[in-house]
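Here the structure comes first, spelled out in structure tokens, and everything after it is commentary.
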């Protein structure tokens, strides 16, 4: 039974900041956002979590293993080093979508994303150590079959990007509605998904759906673990088996 | 008449590197990619260009104003500081899509993205200073109308992300096929587009198309300049007029 | 009784790398070194430790609270993101100097700093959780009395730097020989020292020695804790008392 | 005839910021400072300059080739990405010490380093392109003879550091008073010096002085160029000759 701990990371009042007193240089905004994401990725990642950049001003993390004190330290450290601050909502559930919905509500109740007076709110609750189990997290790691040979080395870079992007848009929507899962593009042709207790058949279903809908062929490795890193690492190894053996779905359990 | 200089930035042999000798920690890959992008954004950006992360292993840049020597320095500097290297293709044209296609071909002809022996290739040609003009670049900056009020503060963070993402997927495809333009999501609810000589009516057309297709309401500011920063800065100011006045398309010329 | 855990962080074969195949751009070396240090500072720091840049290619850290698994993760993460690798030696003792000497010996025995075949060695032992106590670490935080008024706003920036530097050079030597302590300049006019069980009188002695030798007036706050951050935070608060009250030595115990 | 353009980079009101509202985590301050330095190093460095961290809150740069517009862009970019701002003073002269003194005076006249109302001042004047020459900058690159064999692999890491540091403290003082030069430790056993028109004999004099005073044996390569990078690159190549041939001073002109 999965029990995914999800954190919503929201930059406080970011939109207004980017145009105050007048629009800031785009390259600086891009740099600041990417580095902030990279720092959070290190902080969360070297404690066993995964964080996804999603919209950059709203990032979504799987944080099993991180305490509320860890979250507070992250807020403090960002406040000490960046011109912006973070609000965090933390919630848990068998469905990653529901956990994120709860985490989002906690942050929304504290104020609007563009509320000047809402700064560094920290809401929610982490799973206590005693309640953590080895199958709390299920991670699926998808990629596009032979993306380099079929796309990158053949099409222009934007048309390749469109193909990958259409595959991602379809998968994210389908996995969310049909399978209560959160899907994130993570670069290249890779998509990482935080899932509830799905079966091998569920993944076959998703892969066929995407192929039917937008003609992009995916393969997927799936793993379980006490945290996102362990589950994701098992998923990566499973995906290596797909690549080696030409299979479409490999689960590691 | 636009004359967009486009650079394809491709990490050499990146896919194989990420799984050699076995899969690397995802958080480290995310961190490394984001920081590499951020560094390129600073380098290109403080010379007046824009770079977009797109797939991270393949980034696309509008580099009017940057010489081939600048490109070479970027390669050298990345090689000195990262565990990976870059290949670069540079091409120019009235159509950004065609320019990118030419830039991509230059890199593809030098070898596959997963060719071990292709390292740090630098191909193509930059616009000579004497040939640069004040309307070489046209940049459009789109965002979603009242995204915070309609989505961020109302839906869960993933459903908001899906809405933004569907709007982006539709716009990128339409602008590419109907208008020879390259569209990039840049965080929040913002999409920046490198365009040929489009008219105000072309932007109205695109906005209506996206609204009809996926029910996401966009507004857009458009600017021209000798480089991406100048054109984009004008576009940002034009977009501020949309936000203030409730208009859908503002062009700064 | 202090029990300081010290880690020597040595970049493997760094000198030769900086000139292979020919000298690398100095700005890139500086950038890479500083960012590597910053990353290690975040990793160690958000686990309660302190790391000092010292020579950059050889950094010294107070790592009470970090396990050998933490050290291993640091090595792995750096290897995934930088063009260089780290060797680490970990040792413990009532004297920080002796602990560092032991940590150094462990690394030296594994091979020369310029040995091509010595990569990512990890040697030594961390204090077990059960043996950690609240006064394992003693940290002193020195600064120069009224450095801004006496130097920064009065002398040219290099002559100010010389004054600070002479004060540091004298203090580092004296604290090492007379008091078995490791002193590190950390920017501005601040020096942080990892000490064994010293008394208030020992600090008065050091301050007078530096004033007599090089005519630089120091003040110091001192704290104790289970790790460097806690001890150092107490020291910072004690130093604030010096600044407010005009005292020369404040200890927090 | 040298004509060194020197920039003083001073973080505005930094001391008070580090303890407001209470002392900030040391690891965060170290990280922020180091990354700020690294970013400035990239900005200045990929325009041909050198910047030295010196006290981190006061950095010193050799900026021949950078215009006042470049300096302004640096200020803007830092303001967009960091919680602190920079003031800059720029001055030029045949003596680097005098140029820095003039640059410092410009910043001091705008207000104290701890003046709340002085923010982002930009003062001074850059050398016009037409007046730049190929020998405007002279850079000397020193290192310690066989530092790895004599120190790093033999002594404990702190005693090695003390040796390097004493050599540096002596050289910086001597080069400043006897030779109007600015010396900076740049990591490892390397010291880079911005010099006026010195002769080979002047460098021999400095090396002998340091050896007599603190028994540290130095060697040095010296180069000239239109900017710091070109001069410094020639100096690095000259130093390689010292290393290969066992000579103490090599000049590249």
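First chain written, first letter: the chains are A, B, C and D, and each begins at residue 1.
Heads up, the rule we're going with is that contacts are C-beta pairs under 8 Å (C-beta built on N, C-alpha and C of every residue); 3 or more make two chains touch, one makes a residue touch a chain.
The model shown is predicted, which means the values in this text are computed figures rather than measured ones.
Enquirer: Could you give the fewest steps needed to travel from chain A to chain C through chains in contact?
Expert: Counted as steps through touching chains, the separation is 1.
Enquirer: Please identify the chain with the largest separation between its CA centroid and the CA centroid of chain B.
Expert: Taking each chain's C-alpha mean as its centre, the farthest from chain B is C.
Enquirer: Going by the touch criterion at the top, tell me which pair is linked by more C-beta contacts: A-D or B-D.
Expert: A-D is joined by more C-beta pairs in contact.
Enquirer: Just how much do you need to spin chain C so its Cα atoms sit on those of chain D, in degrees to the nearest 5?
Expert: Going from chain C to chain D via C-alpha fit gives 180 degrees.
Enquirer: Looking at chain A with chain B, do both copies bring the same residues to the contact (over half shared) or different ones?
Expert: Answer same: the two copies use largely identical residue numbers here.
Enquirer: State, to the nearest whole Å, the distance from the C-alpha centre of chain A to the C-alpha centre of chain B.
Expert: Here chain A and chain B have centroids separated by 22 Å.
Enquirer: How big is the gap, in whole Å, between where the Cα atoms of chain A centre and where those of chain D centre?
Expert: 43
Enquirer: Where the CA atoms of chain B average out and where those of chain D average out, how many Å apart are those spots?
Expert: Each chain reduced to its C-alpha mean, chain B and chain D end up 36 Å apart.
Enquirer: Touching at least two other chains at once: which residues of chain C meet that condition?
Expert: 25, 27-29, 31, 35, 39, 42, 46, 77
Enquirer: Does the chain-touch network form a line, ring, star, complete graph or other?
Expert: complete
Enquirer: Quick check: in the complex, which residue numbers of chain C touch chain D?
Expert: Touching chain D: residues 8, 10, 14-15, 18-19, 22-23, 25-31, 33-35, 37-39, 41-42, 44-46, 49-51, 53-58, 60, 97, 100-101, 103-105, 108, 112-114, 148, 152-162, 164-166, 168-169, 172-173, 176, 182, 186-189, 192, 229, 232-233, 236-237, 240 of chain C.
Enquirer: Mind listing the chain A positions that touch chain C in their complex?
Expert: Of all residues in chain A, those touching chain C are 39, 42-43, 46, 73, 77.
Enquirer: Would you pull the chain D residues touching chain A in the complex into a rising list?
Expert: So the residues of chain D in touch with chain A come to 24-25, 27-29, 31-32, 35, 76-77, 80-83.
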